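So that we are looking at the same thing, I have put the structure below in C-alpha cells.
Letters A, B, C and D mark the chains as written, and numbering starts fresh at 1 in each.
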Amino acid sequence: MYDFTDLVRSIHESLVASLSPGMAALVEWIIIGAIFLGFFALLGLVLVYVERKVCAFFQLRLGPMRVGFWGTAQTLADTLKLLLKEPIMNKRADKFLFNFAPFIIIISSLIVLSVTPFAPGLQAFDINIGLFFVIAISSIGVVGILLAGWASNNKYSLIGAMRSGAQIVSYELSVGLALMTMVVLTGSLQLSEIIASQADGWWIFKGHIPAFIAFVLFIVASTAEVNRGPFDLAEAESELTAGFHTEYSGMKFAFFFLAEFVNMFIVAVIAATVFLGGWMPFHIGGLDGFNQIMDFIPPILWFFGKVAFIIFLMMWFKWTFPRLRIDQLLTLEWKYLLPLNLMNIVLMAFVVYMGWYFGN
Amino acid sequence: MEKSALKELITSWAEGIEFDEEQEFLQVNIPREHLHEVAQKLKSTPETSFDYLFCQTGVDWPDCLEVVYHLESSQHGHIIVARAKTENRENTTLDTVCDIWPTAEFHEREIYDLLGVVFNNHPDLRRLLLTDEWEGHPLRKDYVDDINMINY
Amino acid sequence: MNSVIKYFSDIAHGVKTLWKGMMVTGYYISHARKEIITQQYPENRDTLQMFNRFRGEVIMPHNEDNEHRCTGCQACEIACPNGTIEIIWDRKPDPETGKKKKSIHTFVYHLQMCTMCALCIPACPTDAIIMGQDFEHAVTDRSKLTKILNKPGSKLMKGVEE
Amino acid sequence: MEVVDKDKTIPGDALKSQEYFVNMGPQHPSTHGVLRLVLTIDGEIVKRIEPHIGYIHRSIEKMCEKDSYRQIVHLTDRMDYLSCHINNVAVCLAVENALEIEVSDRVKVIRTIIDELTRLASHQLWWGVMGMDLGAITTFLYGFRDREMITDIFEETCGARLTMNYNKPGGLMFDIHPNFQKRTKEFVEHFKKKLPEYDQLLTGNVIFQERTKGIGVMSKEDAIAFGVTGPAGRASGFECDIRKKNPYHVYDKVEFNEVLLTEGDSFARYKARIQEMWESLSIIEQLIDNIPEGPIEEKTNAVIKLPKGEFYQRVETARGDFGVYVISDGKKSPYRLKFRSPGFSNLFILDKIARGSKIADLVAIMSTLDLVMPDIDR
C-alpha cells in the first residue's frame, strides 16, 4: 500500500527514456547524493534539538525556549554561529591531517547512511552484504578520531584519541557478534531480506531469549562504539576537557558533533532493522485482522518510530549513568560482553538447529 | 594529660623552654635551637603524642618573626600551642618540622611566602601563593604596596 | 562453579542497580510538566517578587516633598569595609536659626565596590538608607555604577535631628 | 643454541614509554575553580601531582589587619563560600569569647539551624558536582533543585543567597523571618523524600561504585599527619568533628552521631557526606520547633576592642576543622589574624593518595575531597 518501489521505478524509467543511460545514471547519483546530504544535515539539526530537549526534561529544565516556537530554530541558529566562527588552529598542529580528520568521520557516517532501508523500495544501496558493509565502514570513523587527536598537538586530545582507539577496536567485536547472532536466524546479510523475513513478527519476539540478549548486548556495545553515554571517554569533559576535539572550533567542530549524532542514528537504524523489523509494521502471526490494522500505519512512520525509541533509550543511558574508567570499559567488553556474546551465539545456533523459535 | 603535668614533662626535655601566662591553651615557648628536637619529642612521646598539627601561623613582631604551632593529640585530645621565635627580622631561619608533621610542608611554604621565614632542611621551599618573581613578603607589617591600597 | 554463579549474579546485580537509576530519571521525564524547576527569567520579570530582606543595592528613600533623612554624619562611611560610600558634605547656614550646620552635598555610592554586607544600614542613626531589592545592575560602562543617592534639590527631612 | 638476551630482542628505547607533563588547570572543568595541578603522567597513570595554588589569593588575612571586627565577618563569606555562615560564626564566636559575651539561647539555636542548613546546602552542591565529575551530569541539577530551597530560606531570612553575612559579634543582624520555621520544615520534609533518590541514582549505581571503591585510599595515620579533617578525614576513621570535640552553639544539647567510617577510600568519603546529610536533617528537626525566645543580640561597644592576648576558635565547616586565630594588641583591629582553612590541608594529601591512579580516578578523588579554591587561597 505504501510501497515506494513503483514511484522509484517510474522516476528511473522516465530518466532512462529522456537521457542516455550514462547521463541517467549520473543524474540519479546526483539526486540521491543531494537527498542524502540534505537528510544528513536535517538529521543533525533535529537530533541535536531532540537531545537538548530530552536532556533538559531529564534534568528538570526546559531546554532551549527562545529561538522559534519552543526553541525549535535553536540548532539552526547555532549552526549559523558555528559557520560564521573563525576557524582557529593550534600553531604547531599538523595542518593537513587536522583539516582532513573531520571529513573522514563525516564521510564514513554518510556512507553507512546509504544502506538505510527507510521504507519498502526506499533504499539507495541494497547490497547483499549489507550488515557486513555497515560494520566495515563504521570502523573507519575511528581513524578520523585518532587523526584528529594526533594532529591537534594537544596532550588531552591525544589521550582522548588513544582511549577512543582502544575502545572501538574492542567494542567492534561485540557489535559484530551480536549482529552475527541474528544472522544465524535471518540467514541473510542483506538488509531488505532481513526485513522481509520479519513479516510475521519481529526477530526480537520470534527469537525470544537469545535475540533479546543479543539486543541488549548490541545496544550496550554500539553505544560504546559511537562514543556516547556512559562510554564517552574519548571526550570525557571532566577529565580531558573535550578530548579529541578540544582544539577544533567552528564548522570543523560541528562536523564532529554532527557525526556523533548521525552515528547514533545509524546504530539505531541497524538495531531497528535487525531486531525490530525495520519499517515492517507490528505483526502477529495468524491474526490477520490485527495485522491489517497495523498495515494502515505507513512503514516510514514505523521505521522512524522504532529508531526514535532506540535513540531515546541511548539518551536515557547517557543522562543517567556516570562515565566508566578506561580499564573498566575494557573489562566490561572482554570479561562480560564478549563471553556473553559467544555463549549467546551458541545458544542461538542451538535454538535454530532445534527449530525452537517462532515462525519457522 | 593535665596542663601542669604537661608543663613538667616538657620542661625536662630541653633548656630554655618557657611557659606563657594562662590562656585557653597551654602556651610553650621553645628556643629555636631545640625546636626540631622538642617537636620530635612532642610527637613521639606516648604521654603527649601530639600528632595533629592543625594550625601553623607566622606572626610578624616588631623585633622578630614567630611561628606558632597549634598541636592536638588525636589520642588524648589535649592541645598545646608551641611557639618559636627567629633571631631577628633579618636573620629569619628556623628548623622545619615537616618531617614530623607532613602537613607542615605546605604551611611552611605559605609562611615563607607571606612572611619570609626560612625553614632549614625544608625539601621544597618555594613560594606557594605568589608568583616566583614576587618581591617582598606581603604579610610583614612594613610591606608597602602602592597599587593595592592596604595601609595603616 | 561458585565463580560462575558469582559472574552471573554480578551481572544481574549490576543491571538491577543501573535499572534503579534509570527509573529515577525516567520518573522525572515522565512527570516533566510537574517537576520542572527552572524559571524563564526575563519573561517573568513582571511577576518576579524578591524577598523584602533581599539585599540588592543601597538606596536612600525620599518622601513626596523630595526630602531625605541623611544628616551627613558619615557613620555609614566608617562602617563600610570597602570604601563603597563616600559622603561629600558642606556647612550651610540654617534658614531658621541662621547657624551653620553640616549637611550632605552628595551621597556617592560605588556599587562596583559594594559587597552587600549591609553593615551601613544598622550603622545609620537616622535610618536614612535601606537596602533595595533591585538586582539588575548590569551596565555597559563602569562609570555608571557610581551612583548619587540623594536626588537633586533634596533636603533634610524635618525632625530627624531631634 | 643461541642465548637470547631479553634486553636485546626488544629495541629498548622504541618501546619504552615516556613520562610527560600535563597541566590540569587553572581552567579545567573538574578543578572547581582556579587550581592548577601539574601532573606527571605515564600513559593514563598519574605518577606525580604538584598542586599550584594562589590564583585567587586575595590576602584576606592582611585585609583583616586593618578592618574592625565587625567588618572582618563579611570577608569570611568570601573564603569558603559554601559554608559562609559557619565561617561568619567562627569569627563572631572568637570575638564573643574574647569579650566574654554570652549570647542568648535563641541566637545559639538559630545559629545552629542555619549552620546545619549551610552544611546541607554545601553537601548538596558537592553531590551534584561529584556526579558531574564522574560523567553523570543530571545529578548536578538534582542537587541544585534541593539546594535552591535552602538558598530561598537564606534569602528570606538573611537577605542573600550565598554571602549572607547574617552574624555580627554579639548576635544576629536581625531576627529570623516569620516564614523561617515553616519553610525549613517544608524543606526537611521534601529532602527526606529526595535523599533516598540520591542513593538510587548514584550511590547504588554499579558504575559509580566501581569508580570510587578502593580508589584514593587514605589511612587514618595519613589523615592525621596531613591534617585532613571533615568528612574526608572521618571517612578514614579520624575523629575530628569539632561539634563533638569542642561543642559550640547548642551542639552539646542535640543528639547526633559523628559519622565515622574506616575504609578511607573515595566511596567512604562519599558515604560519609551522605550520612552527614541525614545527621544534619535530624539536628534541624530537633531544633526547629523549639527556638527559645530571647534577645537576638547582646550589647557591644560601638567600636569593638579585644583585650590583649590570643584567641583561637574552632568550628566545623562542611569541609572540616576551620579555625580563627586572633592575636590582639588591644586595638580595634587584630594584630594578626590567621584562618586555618580545612581545604588547605585537605588539598595537599592529593599527591599522597592519588599517585599511581588513573586520570579519571584523580578527578574522582579530587571531588571527594571537596575542594573550594577560595577557601584554600584565602
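Note that a residue touches a chain if its C-beta (ideal position, glycine included) is under 8 Å from a C-beta of that chain, and two chains touch if they have at least 3 such contacts.
Remember, predicted model here, so these are calculated numbers, not experimental data.
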item	value
Each chain counted as touching chain B and chain D at once	none
Maximum centroid distance from chain B, chain identifier (CA atoms)	A
Between C-D and A-C, the pair with more C-beta contacts	C-D
Centre-of-Cα separation between chain C and chain B, whole angstrom	42
Whole-Å gap separating chain A and chain B, where each centre is the average of the chain's CA atoms	64
Chain centre separation (chain A, chain C; CA means) in Å	51
Between chain D and chain C, distance of the C-alpha-averaged centres to the nearest whole Å	25
Residues of chain B touching at least two other chains	none
Multi-partner residues of chain A (at least 2 other chains)	58-61, 319-321
Contacts with 2+ other chains: residues of chain C	18, 21, 24-25, 37
Topology of the chain contact graph, where touching chains are joined (line, ring, star, complete, other)	other
Complete list of chain pairs which touch one another	A-C, A-D, B-D, C-D
Residue ranges of chain C in contact with chain A within the complex	11, 18, 21-22, 24-26, 28-29, 32, 35-38, 40
Residues of chain D that touch chain C when the two form their complex	67, 70-71, 73-75, 77-78, 138, 145, 148, 155-160, 163, 165, 173-174, 177, 197, 200-202, 204-207
Of all residues in chain C, those that touch chain D in their complex	13-14, 17-18, 20-21, 23-25, 37, 51, 53-55, 79, 81, 115-119, 122, 131
Residue ranges of chain D in contact with chain A within the complex	20, 22, 28-30, 44, 131-138, 140-142, 145, 201-202, 205, 207-208, 210-211, 358-361, 363
Sites on chain A touched by chain D in the complex	55, 58-61, 155-156, 159, 163, 230, 232-233, 236-241, 319-328
